[in-house]
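The next part holds the structures, each set out as structure tokens.
Two complexes, one shared chain (chain A), two partners (chain B, chain C).
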Partner chain A sequence: MQRQTPYLTAHLLQLSLDRSKALRVELQRLRSQQYPPTGPLLLIELAIRTNEQISEELSAMLADPVLLAAIPTLEVEINLRAKTNLLAYLHLLMQYVQGAEIQYSPSTLVLPLRRLLKKHLRVRDFDFIVRASRWYNYSILPLIEGIQEVFSKADYSSLLAGFPSQFFIIDCPVSEKRNVPIHCMFAHEIGTLYIKDMT
Partner chain B sequence: MLPLISVDESALERLITTYAMQPVEAKEGETEVTAGDIFQKWRIDHAVRYRLQMIITQWVEELTADALALCLIGPAYFFSFVYFAGPFASMDNPSYSHPPDRMRIEFMCDMLLSQGDGLAYNKVLKETTRDYIEQWKAYASQSSTTTPVAEITPYSSIAAQAFEPVLRKIMIEAKSITRGRRYTPRRFQRDVSSLYENLANGIPPNEIMDDWATGQSRIAEAEAILNAGWVYLISGDDRYAKLLDVSDQWTVTNKLFDLVSKGLEYAEIQRRWGR
Partner chain C sequence: MRNELDFAEHSHLLGEGLFADKVTLALFRFSNTHKLGEQERDALERAKDFLSKVIEGGNFSKGVFHSARDVASAKAFAHAVDSIAIRVSSKSDFLRYIDELQSTVTKILANEHISNEEFAQVNAFFSTYGRKHFQLSRAILEPV
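Moving on, here comes the complex of A and B:
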């Protein structure tokens, strides 16, 4: 039997939904790993929540006969692009979780580091991920501005409710992950946060 | 902090003139021209000054972050810096974002050991530890041993001279904004020697026995555990190596780091039990 036309809208929506489902499998795999508290799981949960919402909205669009009756309109294209761009961003965000697993990161330092940050930063509502990376250096990356911008552009800002107002990625070299005293280098990164916090 | 920095105007003028006289790449058959032939002098002047200002701003931030790190966790930051970065240190090759390591190391040694504006750790450090820092200071203070190759070099010499008067100010400011929350030499002195003995005897450094008669103990702070680990490593004390019956230094260092890590972990567990 010949497929009925127009078919392209349904096809594009289904392809996007497939991408979302593939991401769901990866996010579940990441969630099943063990991490030091609490940054990595917060970021994974945010990605899962967002992916679920995208998936639900794509399914709703697929069930809308009016939408499927025509080739994709500009409005559908913009809507779809916002969702798929966000899916790609969630995929990219998960790079910050890799290397943060308990067995790969200097996890014993995470709780003392949290206490140190709480003691010294004025902002109370923060979280962070410590991960071992291939970059042979120590660095700190504030992530929240990027997340807020992308979620806002895609009109998903409401999903950030409850997510910390500051979120940092702290990197250390993977070959030194066990050498906890060397991670005192983090103090310099906290110093840079301190400066930003003061200014 | 930035308004306190004044650059050597004559050196800066020389730099601007050098840039104005630099030949601009010419296409084949064209006459070679200099930057000064193309751009008005004020534009070159502005570009050079702007770049220098960016470098100085970045360097102030880096040195301030170093000073804050020393305030937050004490000498442990300096030890980790030279241990990690020492073998790779670009002593005289600064970048646009980072001052030369020679300047950073000398600054940190000064801040740790000096009285008054500094943190005055010289009073509480054991001789071997103090001597280690002083050796780094002597090494960092000597004039350049390598030939700087970075493109930034002409800027860095002007920036470095401009920094001299502000280094003390950076120390004072860092101490001032961490007042009351700083890891102090007094806390270092109170805890580190006791935790050091734990390490020498192969015991995780997670608690401090304040009163042996009553068995009253105190959970060690992470800062103290980390400092004890470094002080032991630097001391050359071989009791832990003998206990392990290992002569390879790398193995001993790794075992020591594991012991420090255990100390942090146990202290955290004790803290949770306490709660």
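Moving on, here comes the complex of A and C:
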């Protein structure tokens, strides 16, 4: 098995670590925004925990050049590929927080919606994000299956401890967030969730 | 709706890439040490199950999915066809090839002798499978 020079390996690790540091800054910025409770912050905290874990693992590899030089190239490659792809995935996840800020989303609807869902859903362990987006579309998007699949295959399932077993995004067009029919549209969207919960 | 499909598909493609990389890593470690640790054994058991699903998916002709396993099998078959590392002329050839891969993985798990060609075949399949899935997951991300 061909071995990369330790310098090149360390350089690639440093690049990935730099991405992680840049993502940390963005996650801190997102955390400093105001959101209706509690879905947006749960998703941001999950991304922060995961990013910290990745950063720690990359730093540990970089800290010991002798050990790093002894790891076969393929092992480093696979490890780096997993982490780099996960960083991109966390970046993707954060798109669901944008538009959920109090000033942009129909935030006054969130608490009544939460009460309604608590009353009617059999699943107790759920959370959600309501956001206004540029797509002219009302939709409900379950996130948890995708997150669980990726985290379990990356051996990061333990980071999901405390994260709800059901998590979804409710989208509405940004221009419609103050229009009265939004109540009907949201009722329609959560109705699909209710039917899924009952079947 | 576009968002929903993109996210689910992206997660699945990324998950498959991570899975294939674990198998490739397990094969690499096995080729160096001729031993299987717990992690390697787990990865190869999953590889064996995946190949079973591909065979089930290839033989699926009922037209109706009765279980989550049916759906997963059909999906595994479609993904495996996309990742094939050799040329085959028919579905039966393809399924024979997958069957050979499964038999090699079973032999590794049972600590039986395998030839260099058998090892290279399994390794090539999962390397290509992983690479293709990472590429596809990136392709979905790019327009976001």
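We adopt the following convention: the second predicted complex is superposed on the first by the 186 of 199 C-alpha atoms of A that agree within 3 Å, B and C clash if a C-alpha of one lies under 4 Å from a C-alpha of the other, contacts with A are read in each partner's own complex, and residues count from 1 in each chain.
Throughout what follows, contacts are C-beta pairs under 8 Å (C-beta built on N, C-alpha and C of every residue); 3 or more make two chains touch, one makes a residue touch a chain.
What you are looking at is a predicted structure, and each value in this text was computed from that prediction instead of being measured.
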{"item": "Joint occupancy of chain A by chain B and chain C, clash or fit", "value": "fit"}
{"item": "Which superposed partner A:A154 touches (first chain B, second chain C, both, neither)", "value": "second"}
{"item": "Partner chain in contact with A:L109 - chain B first, chain C second, else both or neither", "value": "first"}
{"item": "Touching partner for A:L74 - first (chain B), second (chain C), both, neither", "value": "second"}
{"item": "Which of chain B and chain C A:D171 touches, first, second, both or neither", "value": "second"}
{"item": "First, second, both or neither for A:Y89, with chain B first and chain C second", "value": "second"}
{"item": "Partner chain(s) touched by A:L141 [first = chain B, second = chain C, both, neither]", "value": "second"}
{"item": "Chain B versus chain C as contact partner of A:P181, first or second or both or neither", "value": "first"}
{"item": "Distance in angstrom between the closest Cα atoms of chain C and chain B, superposition on A", "value": "8"}
{"item": "Set intersection of chain A contacts, chain C complex versus chain B complex", "value": "none"}
{"item": "Touching residues on chain A, where the partner in the complex is chain C", "value": "1, 72, 74-75, 78, 81-82, 85, 88-89, 92, 95, 135, 137, 139, 141-143, 145-147, 149-150, 152-154, 171"}
{"item": "Residue ranges of chain B in contact with chain A within the complex", "value": "61, 64-70, 72-73, 76-77, 79-81, 83-84, 177-178, 181, 222-223, 226, 229-230, 233, 254, 257-258, 260-261, 264-265, 268"}
{"item": "Chain C to chain A touching residues, read off their complex", "value": "1-4, 7-8, 10-12, 14-19, 21-22, 24-25, 28, 32, 134, 137-138, 141, 144"}
{"item": "Parts of chain A lying in touch with chain B, wherever the complex brings them together", "value": "106, 108-109, 111-112, 115-116, 119-120, 138, 176, 178-185, 187-192, 194-195, 198"}
